[in-house]
Amino acid sequence: MNELQQTAKDLLEKNAVAVVIGYGMGSEPSLRRAVFVRKPDQAPQLIFDESCRQNLAFYVLKPEVKALGKAAVVARTPTLRTLLQLATENQITDESVVALPVGNGSVQPLTNFAAIEQYLANVPRGFTAQEQQELAAIKSKTLADRWAFWKSELSRCIKCYACRAACPMCYCSKCIVEVNQPQWVPVPSDMLGNLEWNVIRAMHLAGRCISCGSCADACPAHIRIDLLNQLLATEAMQQFGAEPGLSVRKDYALATFKPTDKEEFIR
Amino acid sequence: MPRIGVFICHCGENISGTVDCAEVAKVSAEFPGVVHSVDYKYMCSDPGQNLIKNAIQEKKLTGVVVAACSPRMHEPTFRRACAEGGLNPFLCEMANLREHCSWVHEKLPATTEKAIDLVRIMVEKVKRNRPLFSINVPVTKTALVLGGGIAGIQAALDIANAGHKVIMVERQASIGGHMAQLSETFPTLDCSQCILTPRMVEVAQHPNITLYTYAELEKLDGFIGNFRAVIRKKAKSIDEKLCTGCGVCFQKCPNKKILSEFNTHLGTRTAIYVPFPQAVPNKPVIDREHCMYFQKGKCRICEKFCPTKAIRFDQQDELIEVNVGAVVAATGYEVKDTDFFPEYGYGKYPDIITGLQFERLASASGPTGGVIKRPSDGRIPETIAFIACAGSRDPAKGISYCSKICCMYTAKHAMLYKHKVHQGKAYVFYMDIRAGGKMYEEFVRRTIEEDEVHYVRGRVSRIYDRDGKLVVRGVDTLLNAKPIEIEADMVVLATAMVAQPDAEELAQKMKVSYDENKFLSEAHPKLRPVEMNTAGIFVAGACQAPKDIPETVAQASAAASKVAGLFSKDELSREPVVAVVSRTGPPEFSNCVGCFLCESACPYQAIEHEEIKTRDGKLIKTVAKINQGVCQGCGTCVALCRTKSIDLQGFTNEQIFAELVSL
Amino acid sequence: MTASSHPKSTAHDLPSQVKQNTGESVFNCYQCGKCTAGCPLAAEMDYSPNQIVRMLQLGIPELEEEALKTFTIWLCLTCETCSARCPQEVDLAAIMEYLRQESLRRGLVHPKAKDILAFHQAFLDSIRKNGRLHEVGLVAAYKMKTLHLLQDVLVAPKLLFRGKLKLFPHSIAGKKAVQKIFKRTIQEEEKEDHS
Amino acid sequence: MKIGFYPGCSLLGSSREYNESLKAIAPAMGLEFAEVPDWNCCGATAAHSLDHQLAFALPARILALAEKAGMEELLVPCSACFSRLAATRYELQKNADLRKEIIDIIEMPYQGTVKVSNALEVLCRAAAANLNGKITKPFAHKVACYYGCYLTRPTELATCKRTEDPQEMDELMKVVGAEPIDWAFKVECCGAGLSVSRTDLVAGLSGKIIKDAVHRGAEAIVVACPMCHTNLDLRRDAIEAQSHERYSIPVLYLSQVIGLALGIDPRTLGLHRHHVPVRFPDAAPNASADSKKPELQLSGKDD
Amino acid sequence: MAEFEPKVVAFVCNWCTYAGADLTGTSRMKYATNVRMIRLPCTGRIDFMLLLQAFGHGADGIIVSGCHPGDCHYSAGNFHARRRWMLFRELLDFAGIDLRRVHFSWVSAAEGAKWAELVNDVVNQVRALGPYDEFPKRLNRQSLEQLCSVEVGR
């Protein structure tokens, strides 16, 4: 039994948690799925490898999961950041979730937010060179080409909202697309609706998105919606120093300001 | 179905000169929902207003659009007319055909087209207006004044004299603040205590003022008209009812070597003490940190000698809860100490003192009886240097602002020194002289011309000791920037005026904003100089920014008049343009997910947490709630709310959406 | 108003050059004189340090050039007392450094500063040659440059006796590398200036 | 502790006793020096008076060499060299464009990983860890600790906390039994770079420093910088000529003082190389009975 | 052929820009008729989605204007708005929406002339760009009115 499985087993045996949310084998060898381990002897179901990409944090907000009792979550770095960001947004309370950090050596359970903050302080952050390059590639296109690119990307959107379902920060009980007084977003999945939906989603995540990439992974049409989020995350970082999910401090970039914020675009 | 009435005003020729008003009325009549559309020469005239009132009744209108001038001009007029006609005033909107159309465009078809559009936009909006009602908030007519310096004293007396109750909280054992420490005041040189102490006594005796000294604000909740404050009354260790202030206790107290705060550490006091002879209340407190009984368990001499048996060693801090309708923050300032200056010796030279210390030396009631003596050896300084801008205007030391009073008090100090030590030499090192004020410039000139104080323009780079003298290395930038070295016996630093060390904590307690220097921020730098952006909290004196006594008193009176204005009615009536959080049925109860990201965006701290519970008290969820007494209706939270569960009355999402649709 | 209403100065005036090369703005100086008050050599200077800054604050080209011609900039010891105590956080030592370099580039070095300059140049020559400083060589070269042949003759024997002077220079293996550095920095600029 | 070592040019010549004394006390202090291979001169005042890039390129090469040699920390005893190296590291860290330029010039990889330390901080650290119980001959004299410019300025690189009245060397001197005096010229400039070209000015500045130290009863001046030493020691004749005063107060490197307290032979510490003889009057109020006056009466001027 | 006349929607705050535009009127300064103003209490109230709605409803250009920094009637609404706009502009630009159609400005209650200048300038720019046909449009006004009237029936 590996360290992850052992740790999960210990937690369950000691009744420190009621369920361990982790990754298990999917229906095909290359696929992974979320598993909910509730008995110590099921711990060997837990695996962790490169293919385990889903951000499991959003399960902790589900009423069904909450009903099971205290949960431990197998957490990659984005998952840890998600937990802290959820904490700043009053969605989870301290010591209500145990994080099992994976991908950086030892699996030492992090039982409170302070421990997660400390753990994250030593983890490198920022976008990879490849990610930055992808962004730069689109930025370097002409305006018309950018419009054409997104037009063609978004033309595939079927408004299935899988992105929303996969996103741990999309926890609103009634999403803006469901608000109909007024009807902010047109219902049909036409160009206008698709554009508005994706712009709104990006703006709603600006300064909050912890860049886990789950939305793009979930998109059945393989639209690179994560790039919209990456753009705003980069801007929020550069302009406002926003790095969501690194602490439980309430520092949402769009709910604060500096008198010296850049404004050369305003005349 | 909506029944909208449209009323087009010609404004004489002002609108009809370029806009075809009859055409606008004709087209408007065809808009869905419009049941009445007329044009008239002067809509704001009595006959014009009657047109509206009559139409409301005759046509059973559910909404009115007056297409006339700017709503900033006549919206109140027409809303009142609607109300008189029996329609909720908030069901009336104005289309601005004059300032935004007829006056800014030529007589062209496009101008009339625009006018029609403007009417259509407002028709679409008004269809979605809902009746709104003024928000009435009861007012508790008691003011809480924080701080018993001259600012607090002035504010408290003015409010009390207007007939309202005042609770004054002062942290020290006596009121009086820094002004009680000053020797004489510029530019008149009247004795500070002589003008202040009668006011202090008035506070103590005023039937409308309750005074808590040796007390601090512990907590402040609530909103304008309805604050609830918790005051911590620190244990004075005496029974104030029994104590007569006879003074036997501090004559007998064996611990006589405690540095006196009132005398800026240049004199001493006992462990049981009154800060100064004219203290109000003139009853002692025991400083437990220095009391032998509290520290070592033995002594109790004061208790033995107290003729009224008023000593209470077992007294505890007391928490008092009070309801107040307004708060005046008048918590004052501190000055930087000499240890703030590395280049002036980190405070290690006893003969380098602060301006406030000089005040005590110059004061007839001070530790030297008004004789200027060196703290180190008691000699009278033959050469004295005053250094202005010590710490002020010094971004490198983190203080970029001008402390405003130093130029004047430095001139006063130099003058007082020359009056007391006739043969002495006085130098003032300065950068600029800022003497804007009645008789201020004249005062400075007198210091230079009549008292022959030497003003040297240049900053002092360093001070060090040499054979019992202080070598002051400065420069005269007016003399070809020549380095100047003065051997002084004493140096007085006009150290920067700074916020109280706990100003930030206090601001957070009151939920008011403060600037980078921890001075409390007024609501508007020009037009609301004594209000804070939390309604019902006012500011006076140097806790807001450095200022001198006349300015402080003026601001305190201004704050008091604001409080008196607020207390002039039993209820506070407010425009209902405020944000609201929508509620829905179970199981969600509200679309608000309780992320509270709006909380920090609100400039007024109007967003509260509301717990939704089941009948048996189980928490279902926590959602945002707008305190309508505090909300000013800017709508920043509305734009930020992802689920659109906050909306702004009068400018709802539906209304604005409809305006856009009608384009 | 926004930035657009304040067109950035694009001129090649000296304050802009100073800003570009040192990041220091002469306009931050409010002429309090504290730099001069603390400067160990202010009394020896033809213009005091704050006056040097003043000369750059007025937008008068003649005065800017005058600043480059002063003896002051060469007397500056780079002790940084001015920078450390400046209330406006102007790094005057860095500005002085830049003015020296610019003065040299424009050939405006004060005549009385020739000795100081000669010493600096002899110093760099010595490093260029050997990679390290050779003190005897330095002093000898300096004397040749300035013809101050007798200065310090009383000190040299003392040093020799105490084993402090090495008659032959240390030479390092990376001598070539150091020479290359010189070629790419100071010599390249000299060439540019001459062309 | 193994630590990188950059002696700099003057430690091989005019201030070789600083080098010798540092090496002499190293074992007792638990220090082991590894010299930067094939180091070059840092360029000193001359480089940054004349050329901006050169002023960074020369120190950058040294730092790059130290990096290549796998050093984590580099001891730079000469305060002037320290200042250049530390400033270079700081600027290159702050300014990515400059870093690129300089890397192109020196044609060596440069990361900026080597911490640059001066003798005062390294010796303070080593003394706290290693000196306990090793002081056999306390240096029982009143000393004026002279910090000069580079240990306290610029503020962002300052080794000392109270930059206008530093205490670190004073504390270190107390450890070796000396009595540091409170005086006014701890951080005044000695004239440094103008030593050769304007000896007259240097004599004036250094003279003021010596005067205050002597006036306040110091028996020795302790320094941590070869330039300060040169100006206060070697230029003593010029100082005396200009001030018309005679000063016998010796100037010691802090490593020499520590060495004496450790009982190391004065010659090993290079005390004989000073211009002003290291001698203390019998009447020195603090000299204890068993003080090593005979040993300290070393040849000086009349050698 | 008649020249294309753009439709420009202006979102303005009540206290500065709306008042500034009033001053343009009282000063009788002239500007293009193409602009339609939506009055809001504060720029802080301006949801970025309203801008998209404006384009969706046929606007060819947009002006957003409020109080200068430090002048906000609500002390900080414009500062919050400014941050939002910064990100929103980046996003629009990234998505290929021409920023020459979206203009942000501070117009104070005293800047009547600035308002006229701003409107003319924006109208001219947008006129040169032509109609914003690329941007997908909502259903036409009539059909929407029918939809809306259902809920307006109270």
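We just call them A, B, C, D and E in the order they show up, numbering each chain from 1.
The rule is short, and it goes like this: a residue touches a chain if its C-beta (ideal position, glycine included) is under 8 Å from a C-beta of that chain, and two chains touch if they have at least 3 such contacts.
Computed from a predicted structure; not experimentally measured.
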- Query: Out of curiosity, which chains are bumping into both chain B and chain D?
  - Reply: C
- Contact-richer chain pair [B-E vs A-B]: B-E
- Per-chain Cα centroid nearest the overall protein Cα centroid belongs to chain B
- Provide the C-alpha centroid distance between chain C and chain D, rounded to the nearest whole angstrom. 23
- Query: Just how far, in Å, is the C-alpha centre of chain E from the one of chain A?
  - Reply: 34
- Query: Per the centroid of Cα atoms for each chain, what is the distance between chain B and chain C, given in Å?
  - Reply: 52
- With chain centres defined as C-alpha means, what is the inter-centre distance between chain D and chain E in Å? 67
- Task: Find every residue in chain E that makes contact with two or more other chains and list them.
- Result: 48, 53, 70, 76, 80, 84, 106, 138
- Task: Would you mind listing the residues of chain D that make contact with two or more other chains?
- Result: 163
- Item | Residue list for chain B, restricted to those that touch at least two other chains | 343, 462, 601, 640, 653, 657-658
- In their complex, what parts of chain D are in touch with chain B? 162-165, 184, 212
- Residue positions on chain C within touch of chain B in the complex are 30-39, 42-43, 47-51, 81, 85-89
- In their shared complex, chain B is touched by residues of chain A numbered 89-91, 171-176, 179, 181-182, 184, 204, 250, 252, 254-256
- Message: Which residues of chain D touch chain C once you look at their complex with the stated criterion?
- Response: 9-10, 12-16, 38-41, 43-54, 57-58, 61, 104-107, 149, 152-155, 163, 187-189, 191-194, 196-199, 201, 205, 234, 237, 272-275, 303
- Message: Under the stated contact criterion, what part of chain B meets chain C in this complex?
- Response: 343, 389, 393-397, 431, 457-462, 473-477, 480-484
